[in-house]
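Following this line, the structures themselves.
Look for subunit A in each of the two complexes below; its partner is subunit B in the first and subunit C in the second.
Take a look at the complex of A and B:
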């Protein structure tokens, strides 16, 4: 409830600053990608799509993008079953050592990314799979897995256990109950969780940086390597690809489960 | 025959075969093992991290022989001594710790009103707009966002060009400590708001109305009603922001330009520039310990807040 004038002035003051700070980089990257000049300048030197044409011809950028998509796909395909089953187990069953398992499953968040990344680099190095792309996908899955589990437990917790008992009472076997009652109930969680996993893996930078070599750089690493030399508008154009993916993910998330799900009190 | 088929459709037949198969490979007496079986893939995946930590621990006990560039065979604690006494690492650690505390305070100050307005507003359109403005940067990734700041704040960037138009000499806005902290605040805002929002949703609006009807103005009801009830959210958000900004790599690397290294950058340099993997592993392990200590203290003092998973959350 917002009634008092002084309250809404202060509230809006903070929120406007936050909005500007949140949106400024996105808007500026979008604007710079449309420049007609060879340098990023302000005010921009006219509008053109020539940098988009340039990135279509740049095979290194396109390959890096395709590698990023592959990494995200591996990450999501592994995360869906692992996260869904773990989420259902945590939400529906009395598990022994539940506290310990919770703490253990939160390890990807409590271990700093640089620690996880270097640990996985050593593990994959010993296994001799470093230099391939799929370990990067597995690594992205491991470090973001709690997001998937959260999404599923949130849905599973709202499923009334009596529904499953009712299904069993009507003659459904355990498998049928799972497929027709439990799984549909957690589907919104699976959808939002896997979208999150995909988009986070697409953007994952530090773990990619540690696990890739020069032959298999992913797009965030490619951009990082390029902005350390010289900032050209083609980087802005390729960054717009990320913005487009983010917009698509938000649209899907909103359509399929509704963004409001993130405001629900747990 | 036809009647039999409608009474016993194909999907049922398939289901029955599958049920029989499931009952054969997994008899009811094994039922108690089901939750553990369901948990197994996730436990195995996270197990990779544990194995990684063991590897890091092993490396941290070996020193680098600078003449042969090989790691020693026997274990010593020399790396830990070096990590604790080397002035450079002390400087980097202090910089990261102060930085993450400043970032946390500033982020929470801005995230709280944002989350509050998002939860309390009557307008569904405004709520959706605020959510989209939040998710867009969250889904874009650190590198692209840092790239945007380079365009805005660089020496020939937008701010300086605009200042030039009104005759102000270019300012050095990048590659310093405030630039890194600014970038981190922007990176952390969505995390903080998303951790705070559920906690604020859980506070009934009637409580604020009741406080107002008893004569409290909004400042009083904010301090005595909303803030204390929002504590689980504040704990969760603060914890996430402290640990993520303390251990961040990209913002110090891109907006700090190599002069404002945080702990993660120092670790990276040990592995890939100096090639002293032993010392790098030591620093990494100490950072993991520091992060776990922070999480442990906050969890024991305030509980898991909004971070808990599954049944423990209810």
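Take a look at the complex of A and C:
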């Protein structure tokens, strides 16, 4: 009994430390955004929502936020068809060079973002589309697409291969089978993948930094620019809005498809 | 296209010299059989015998490497699966998880462009047929294993297919439910009169549900016959061994006269019947006598076994109580210590022999089938 008690004490100790370390930045940002003073401090000096009111009034922050949403939307809209077809193809068919493609899907973790960012900058520069917002969305999509493909592949790989044979047996041709059986069955993967793509694009900093100019900065770049001049609590407040967006996405994900698809596909 | 309507009883399915090769492996070797309309056929075999491959060829999921499959007089090799009129119940059921029970059953009707107004009534009728009336609105994961089976059956039958295929759908069920569903399959099949091909490795299921049984092994059809014939007159040693509990006593063939053959094992002469007339044993060759465990009688002494053709002394090596019967392993010194399995279904006075006990066993020579080794 004693050993099992001490074991659980130690386990819970580790879990608590991990939770504290993981949530510390969020708590600090949340705390300092609620300050009544004029400096970013933690713990906050008094409590107020005045910095939230301030970011509502700050048109530059609001515009940057809307630009980020636009970039995320472009990214997600492009990623849905591309990631869905690629994910289904990888999971269900013996694709040529499958191993090479799987290695390619690991690239986002291995190639420094600054490298791919510069590459994309050159490409878009040559095409003469720098200075517009949609290329930023495309760039975010290119860089994060493996996440979308993974989400769909995880969904498609867990499908019973007999499901499509059953559809054929029921009289469904190849197109009907895809529309009525395969696609609905991988929908959870598509939903979680798209939400992930949206959040990743919303948060994307480095690639945006390389591709935007002063007139069309996205929110993370706007925050970064502000920090370089003066750090005020409104930056903490806008960061909290960011975090709230992510939490909302996770909440949405849980309601729509459940979180087990992530918990299982780790 | 070939026409078979001229024959006396209509043939629903005709499999002609069908072979299937994967990467040099012969999954099915030149299988041929005819199945009359309305019959329930079971293809029985161990895993890897090619039975499921044959079923999938009939369903149209793959094209045979050689041969032709004819359904209702039409050669179907060039017909894709979704244009064949075949209902199938899959091993893992393959119900559509994002649809309700009723939507699953309605799916074949929608895909086959039936009049949308008649669909709900048809779906309800078939859910009633499988005793799932009122369950149409349930999602698949809200149904029990047995109920899911029934949805899969309704989905396979709702469009009134020419042929129903069952790909071991009962394998995963517990025994009680499996036996219940076997009788359900039989009932529904008789009620609708649909020609059915069932695939299983469960010999009991094959005997219970089928009009005819095909026994397959190593890609080849070993025997096609009615259940009683398959059990009582197995065509070869494989069938005799695969169905039922069979003892094989191997020995030299002493003599062969017509359908009678005599084996010699150690000092004992064992007369029997020639098992496979196309491949009869020859005097001087090696052969095996096959005898079912339930055809051997067991008693405390030889006097109780008078009237049997062969009576031998032995001792109990093991006794397994199975409830309705006791299975003995009896060591027989006269057969060089070979052990025979013997069923005792009605132990007199509920006496059970203990291991080591001296017993007599005996059988009739007509119950011994002699097969070439």
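Here is the rule we go by: the second predicted complex is superposed on the first by the 251 of 266 C-alpha atoms of A that agree within 3 Å, B and C clash if a C-alpha of one lies under 4 Å from a C-alpha of the other, contacts with A are read in each partner's own complex, and residues count from 1 in each chain.
By our rule, contacts are C-beta pairs under 8 Å (C-beta built on N, C-alpha and C of every residue); 3 or more make two chains touch, one makes a residue touch a chain.
Only a predicted model underlies this, so the values are computations on that prediction, with no experimental measurement involved.
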Ask   = A:23 contacts which: subunit B (first), subunit C (second), both, neither?
value = first
Request  = Give one of first, second, both or neither to describe whether A:185 is in contact with subunit B, with subunit C, with both, or with none.
outcome  = second
Query = Of the two partner chains, subunit B (first) and subunit C (second), which one does A:176 touch, if any: first, second, both, or neither?
reply = both
Request  = Counting touched residues of subunit A, say whether subunit B or subunit C comes out ahead.
outcome  = B
Message = I'd like to know which partner A:166 touches here: subunit B for first, subunit C for second, both or neither.
response = second
Query = So, A:85: does it touch subunit B (first), subunit C (second), both, or neither?
reply = first
Message = By the touch definition above, which subunit A residues appear in both interfaces, subunit B in one complex and subunit C in the other?
response = 173, 176
Message = Show me the residue ranges of subunit B that touch subunit A in the complex, using the header's touch definition.
response = 15, 18-19, 22-23, 34-43, 45-46, 48-53, 55-56, 59, 109-111, 113-114, 116-121, 127-128, 130-137, 139-152, 154, 156-158, 161-162, 185-186, 189-190, 194, 197-199, 201-202, 205, 208-209, 212, 217-218, 240, 243, 246-247, 249-250, 253-254, 263-264, 267-268, 271, 280-281, 284-285, 287-288, 291-292, 295, 304, 306-314
Task = Give every residue of subunit C touching subunit A within the complex, in rising order.
result = 59-61, 80-83, 86-88, 90-92, 94-98, 107-108, 111-112, 155-156, 159
Ask   = Across the complex, what residues on subunit A touch subunit B?
value = 1-4, 6-7, 10-12, 14-15, 17-19, 21-26, 28-29, 32, 39-43, 78, 81-83, 85-95, 98-99, 101-102, 104-116, 118-123, 126, 138, 141-142, 145-146, 149-150, 153, 157, 173-176, 199, 202-206, 209-210, 220, 223-224, 227-228, 231, 235-236, 239, 242-243, 245-247, 249-250, 253-254, 259-260, 262-266
Key: subunit C contact footprint on subunit A (complex, rising order)   = 160, 162-163, 165-173, 176-177, 180-181, 184-185, 187
